[in-house]
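Letters A, B, C and D mark the chains in the order given here, with residues in each chain numbered from 1 onward.
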Amino acid sequence: MASKEEIAAFIAAEFPQTKCMVEEVGNGGATVSHRIGHDELRPGGTVSGPVLMSIADVALYVAILGEVGMVAMAVTTSLTANFLRKPSAERSIVGVCKLIKVGRSLVVGEVYLYSQGCEDAVAHVVGTYSIPPRRG
Amino acid sequence: MASKEEIAAFIAAEFPQTKCMVEEVGNGGATVSHRIGHDELRPGGTVSGPVLMSIADVALYVAILGEVGMVAMAVTTSLTANFLRKPSAERSIVGVCKLIKVGRSLVVGEVYLYSQGCEDAVAHVVGTYSIPPRRG
Amino acid sequence: MASKEEIAAFIAAEFPQTKCMVEEVGNGGATVSHRIGHDELRPGGTVSGPVLMSIADVALYVAILGEVGMVAMAVTTSLTANFLRKPSAERSIVGVCKLIKVGRSLVVGEVYLYSQGCEDAVAHVVGTYSIPPRRG
Amino acid sequence: MASKEEIAAFIAAEFPQTKCMVEEVGNGGATVSHRIGHDELRPGGTVSGPVLMSIADVALYVAILGEVGMVAMAVTTSLTANFLRKPSAERSIVGVCKLIKVGRSLVVGEVYLYSQGCEDAVAHVVGTYSIPPRRG
């Protein structure tokens, strides 16, 4: 299986614009974090929904890499996000992903997103990735 | 009802980071477009999923403003995206929104996203906004 | 391509409990209808959400059969439903499906559900089916 | 707060067609079970998707009743289901719901559905209910 460092390097290459940091990988899940600055805020100090979804998307991808190895051609096929509470403008967003199913060609996972240090999730995302068939 | 120009100004203030242009508003719908450059691309020349969702989110918001007037406090409560085809790296993304329901407190709409000039959608998004109660 | 009658017979075999009638098939879409009786109602005279989703599921399946031919092993992989208005207790539900993408292994479609004769949809569903690989 | 018995009686009245049994309620969640017989099966011995969604819908409703008290007018506003594995034709389906957000007017929860005694979920559902405003 891939190490946290290998995955972080891979993510930096695959998602060159992302500011996500890989915090943990393994056991069918992953945790990432993302600093919040001016670029991520909407008026009123809310982190925008697409920023939250992009963090969830990376968390899901990191979890998949940790589970099935380096798969450059994995692509998101669907994402469903529910926005639950107003995120803090001063705290990083933390995304905690748990894979629900790792199939031959489809992987499904869910991600809870939190303002760092807060107990209640700001958003919940369920996503599906299509992965290329692997050799036995 | 708000004019296209008023809505464009409002969007520029509400989503200061967006590069979306308002193309059309009215009749319970809206069309927006978004130039694609290096910031929006993933390796392989694919427009990233979160960029597509952010364009859909703006299209939905523009359609709501056109329907119910300037509502600063409208917030996205859910988004479901299905990614259908690889978008072109050289064409703008066009988002065409149609509102499905405009209720007292919830608005539901769908958005088809296209690479400009192409017939088949690259993604489909259904989103829900919560809007503050309006006066009769 | 399969005829409406062939598809109706196939659906009756595949979904033996369904009361859905196939009204139209073709051009990447389908229309089905479903009588509403006591079994489908909740107190207050509302058609239950799962009944609406089951009609959408059949509409999607009918559209797929019309597009790719008789595929017994097609299975639903995801469904997202938004419930929009209270359906009539006295009218049939009509489901109008349009396929959004017909890929090699995944098909995505959307379904608008109406109380027969009413203009505004009571629900909107986006669904994904996984289909077995076809021979060239 | 409502007891398990009160909620079971309420569900029997609200969803008169349901075969769901209330197994547990409380702590922001609920567990229900549902016997599987001929009516719920599709050819090949698969429990149909809409049956799974109806069980998830009840589990969510039970959890809401346990959290906010008897709310007859709660209505489902959205459901997203991902179907993960083929359920057993011989085992009951168990739905385990956890509420993610209990807001003033919207409640969001997720439900894992299992074939009884099996570790891997057969489906995952995220649902939203609209509830009438409560008095302080």
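The rule is simple: a residue touches a chain if its C-beta (ideal position, glycine included) is under 8 Å from a C-beta of that chain, and two chains touch if they have at least 3 such contacts.
Listed by chain with UniProt protein names: A, B, C, D = Acyl-coenzyme A thioesterase PaaI, contains HGG motif.
None of the values given here were measured: they were computed from a predicted structure.
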Result of counting contacting C-beta pairs for A-D and A-C, higher pair: A-D
Selected pair, out of C-D, B-C or A-C, that shares over half of its residue contact pairs with B-D: A-C
Between subunit A and subunit B, centroid-to-centroid distance (C-alpha), Å: 22
Centroid spacing, where centroids are CA-atom means, of subunit A and subunit C in whole angstrom: 33
Inter-chain centre distance, subunit A versus subunit D - centres from mean C-alpha coordinates, in Å: 27
Overlap residues in subunit C, where contacts from two or more other chains coincide: 77-78, 80, 82, 128
Contact footprint of subunit C on subunit D as seen in their complex: 13-17, 39, 42-43, 46, 48-51, 53-54, 57, 72, 75-83
Sites on subunit B touched by subunit D in the complex: 77-78, 80, 105-106, 128, 130
For the subunit D and subunit A complex, residues of the former touching the latter: 80, 82, 84-85, 100-101, 108, 110, 120-121, 124, 126, 128
